[in-house]
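Following this line, the structures themselves.
Here subunit A shows up in two complexes: once beside subunit B, once beside subunit C.
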Partner chain A sequence: MYNPTVARLTYRALLGRRRALILFILPGLLLVTAIAVRLLTGADDQTTADLLGGFALGTMVPLIGVIAGTGAIGPEIDDGSIVYLLAKPVKRPVIICTKLLVAVGVTIVFSAVPTLIAGLVLGGNSQNLAVAYALSAAVASVAYSAVFLLLGTVTRHAVVAGLVYALVWESLFGSLVAGARTLSVQQWALALGGKVADGGLVTSDVGLPAAVVLLAVVTAGATWYAGQKLRGLTIAGEE
Partner chain B sequence: MTTLTIDHVSRWFGNVVAVNDITMSIDPGVTGLLGPNGAGKSTLINMMGGFLAPSAGKVSLDGRQVWRNEDSYRHIGIVPERESMYDFLTGKEFVLANAELHGLPDPGAAARRALATVEMEYAESRKIATYSKGMRQRVKMASALVHDPSVLLLDEPFNGMDPRQRMQLMELLRRMGEDGRTVLFSSHILEEVEQLADHIEVVVAGRHAASGNFREIRRLMTDRPHRYLLRSSDDRALAAALIADPSTAGIEVDLAEGALRVQAVDFPRFTELLPRVAREHGIRLLTVSPSDESLESVFSYLVAA
Partner chain C sequence: MPPETTTAAAAGTAGATRIHNIGYRNYDGPRLGRAYARRSLFVQSLRGAYGLGRSAKSKVLPMMLLAVMCLPAGIIVAVAVATNADDLPLKYTSYALYLQAVIGLYVASQAPQAVSRDLRFRTVPLYFSRPVERVDYVASKLAAMSSALFVLTALPLVVLYAGALLAKLDFADQTEGFGQALVSAALLSVLFACVGLVVAALTPRRGFGVAAVIAVLTIPYGAVSTVQVIAWEQGSQAAVGWLGLFSPITLIDGVQTRFLGADSAFPGAQGPDGALGGLVYLAVVLALIAGSYFLLMRRYRKVGL
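Up next, the complex of A and B:
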């Protein structure tokens, strides 16, 4: 379920585009903020949880997921260059799984790793907070990548749709409506992080078993459906 | 030897019928798919290439359906009309990636061979983003040839090429046809098709208008009624002399234009008749202008024929 050539093309396309700048800007902002907070206020677990939960997991991870997930396939479909991948005897699910792996890898490198570093800077992994949030970010990276890769396959407006989900649904509705939090990748990921952290600072509205099942179902379902959509992808001509 | 069969294929987009019940068989050799812009050529090629499902009918390659059949790409090479490629790669990296995706045993050698075939080795290390349109076309061609396909589909391959590149590509396609490959290219330019294709399929407004070798198509085009606008030193005397000959079917004196509108039904005979009649009657020809020589009008005639 992996094709190294597809992976190479996807990876280079993803990091070669202008929007990839966001991949560097957001983690940079997190690290600069973490250093500033640490220097100004010293180590404080509540501050660490607020910054990693609010900015890292609440904003940075989904945004990077949108960039990596949609960017792994959307632009190729938009400009038609996907034809060079599709005109090959490569199974469509292999193309999707490979692109998912690249998107997950990029999202983890640019979100989970900086989250871990920021956590260590802020509080030296006090109460396992750095590891817990990094784990949550890594888990969320997988689900976000799958969902946004699917969006990139089914709609030309994948970035907008992804941003609406990440910022409007998860951040806005998630903070106002309790029910919305149940259907939130962020909350599912936090359920796993909560098991690792001590002191009850990492909490989720979703129980661990439900979170694991939902993460698995959404990731597998989105990946399968994206493979199906790619099999039936129609490429219109110039006419 | 591979044959591509299009069997009662239609494709519509909402209320618009792009391809209307076309049946044709593309055999080994070079076939030109001729038609004006917007005739449905690209839609047809996309269906042949498995990128578009027919709304009705079937496209098959030696009996096996092309749509949703990835294995058919072991035999098909495609040169799309679209310019978009992986611009961040060099030409060599792009062709090599195509070879790898085909799972070839020695992709490096296959890529070198394909680049040599299209004479692009000199620019293979440059990024595709820096290529001219003609260079892009040749690299696309290399990527389509890299797995040595038995069927080659090219959508408007000569667009943007200079005359020398055009001749090189024509020579290459001709060679491939002679080797027994099935080569199909689309074009809206009659002369391109005339120079290259052994067999021509004409598509107009989504319909299959004509099929045959160039001579047959040319005859159909030549035999159609031709309309001319004539101005002379004595229009009425010229009209009287021309209408007496069976090569003309009708003459109208256009007073507003100060000209004659002549419909000729026997093109070769009329072209010989006109100067002779003018000379015999001492009439000076001031304007002889074909008024329906656009490709569209020629195609329209074929559809009606």
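Up next, the complex of A and C:
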């Protein structure tokens, strides 16, 4: 289920030229903010939870997930160069799996690792907060990558669709309608993080078993369906 | 005029070869000039921002976002009329702040289509082979994007205002609030259009442009609002005001709180610190707009040639 050549191409497409810039800026901003907050206010667990939960997990992880997930396949479908890849004797699900692995790797490196470092800077992992949020970010990275990779194969406006989910559904509806929070990758990931953290600072609206099941189902389902979509892909012309 | 070739060919038995005049004529009609081209580019970009003159598929998203933008205004008005309220439940100036995610998505989806496709299909040199100058192209695109955004932000305000008048709320009061909100909507439109176009013009890839624009608009906001909450919990109200300088939407929030009678969405609802703070906010907004114009002019100096 892994093809090194496809992986190399995807990796180059994701981190080539200016694309990498935005991926470096976001975690950089998180670390700068963390250092500034630590210097201004000192170590405080509530502050750590605010910053990691609100900014790192709420804004940064979904955005990097969108960029990496859709970026892994979207541009190739967009400019039609995916036909050269599809014409090779590589199974379509293998292509999807490889691209997913690369997208997950990139998202974890650029979101979960900075979250861990920011947590350590902010509070030195007191109450296991840094590890809990980093774990949540890593788990969310996997699910986001799978979902957004699927979006990349389904629609030409994958980035916009992904952003609508991340911003409108998770942030806007999630803060207004309690029910929307049950169907949110962020809350599922927080349920796992809450298990690791010691205090009651990391909370989620979803129970742990439900969260684990939903995460697994969504990730596996999205990957399977993306493979199916790629088997019958129609190359659309430019509008 | 009949082509002269037939007569020339008929009479041309004497010479062996001859360059035929096949009847091409020079254009001697009116030349509409640079101003007309600029206006056309503006109109075409503005229509394109709402998908008019493009495929049905590309109309879906902008129209849907416009509808989503106006829907809450309609509901608020309906409730106000039905309940005989004394005042609208929110200020006109707060409306754009509540729906900033929608505005951000609109900029992110339409700014790249305004500039990225010209870059990607290398049509920019074709524009510049006409009387259009670099400044015309940049100014037209900026004006079109700002106007499109102004339509998006001002239309719900008009709905609110019309509803407020229908509900027989105080005329002078409502008109004042409406006018203030229109000014702030115009400022917001220009600022967001500038930021969006600068980021979108950096990349010929539409998808990547969308992500980059939304990142520039939301990530600073996420960072700023989180740190503002922390600063507020620490009791430093002044820091809350100065932190707002670092993201586009909080800049607009600060300016309208200080100069346009708006309620601030900052923690503590104080807005920027005193008159000096307000002036700094305004200066930063204007500097951002001027800087974006300058960057776009630089970007198009060598493009595609």
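What we mean here is this: the second predicted complex is superposed on the first by the 231 of 239 C-alpha atoms of A that agree within 3 Å, B and C clash if a C-alpha of one lies under 4 Å from a C-alpha of the other, contacts with A are read in each partner's own complex, and residues count from 1 in each chain.
By definition in this document, a residue touches a chain if its C-beta (ideal position, glycine included) is under 8 Å from a C-beta of that chain, and two chains touch if they have at least 3 such contacts.
Remember, predicted model here, so these are calculated numbers, not experimental data.
**Q** Quick check on the superposed pair: does A:Thr59 touch subunit B, subunit C, both, or neither? Answer first, second, both or neither.
**A** Once the two structures are laid over each other on A, A:Thr59 reaches subunit C alone.
**Q** Tell me which partner A:Leu51 touches in the superposition: subunit B (first), subunit C (second), both or neither.
**A** second
**Q** Thinking of the overlay built on chain A, is A:Ser175 touched by subunit B (first), by subunit C (second), by both, or by neither?
**A** After superposing on A, A:Ser175 lies clear of both subunit B and subunit C.
**Q** With the two complexes superposed on chain A, say which partner A:Lys91 touches: subunit B (first), subunit C (second), both, or neither.
**A** In the superposition, A:Lys91 contacts subunit B only.
**Q** Tell me which partner A:Gln228 touches in the superposition: subunit B (first), subunit C (second), both or neither.
**A** In the superposition, A:Gln228 touches no partner, neither subunit B nor subunit C.
**Q** Quick one: classify A:Gly80 as touching subunit B (first), subunit C (second), both or neither.
**A** first
**Q** Between subunit B and subunit C, pick out the one touching the greater number of residues of subunit A.
**A** Of the two chains, more subunit A residues are contacted by C.
**Q** On subunit A, what residues does subunit B touch that subunit C touches as well?
**A** On subunit A, the residues that contact subunit B in one structure and subunit C in the other are 239.
**Q** Show me the residue ranges of subunit A that touch subunit C in the complex, using the header's touch definition.
**A** Checking each residue of subunit A against subunit C gives 18-19, 22, 25-26, 29-30, 33, 36-37, 40-41, 46-47, 50-51, 54-55, 58-60, 63, 66-67, 70-71, 74-75, 78, 157-160, 163-164, 167-168, 171-172, 239.
**Q** Name, in rising order, each residue of subunit C that touches subunit A in their complex.
**A** Residue positions touching the partner: 54-55, 57-58, 61, 101-102, 104-105, 108-109, 202-203, 205-208, 210-212, 214-215, 218-220, 222-223, 225-227, 229-231, 233-234, 239.
**Q** Which of the residues in subunit A come into contact with subunit B in the complex?
**A** For subunit A paired with subunit B, touching residues are 3-6, 8-9, 12-13, 16, 79-81, 83-92, 231-239.
**Q** Which residues, counting only subunit B, touch subunit A once they are in their complex?
**A** 13, 18, 37-43, 45-46, 49-53, 68, 70-71, 73-74, 76-78, 80-82, 84-86, 88-89, 97-98, 100-103, 143, 155
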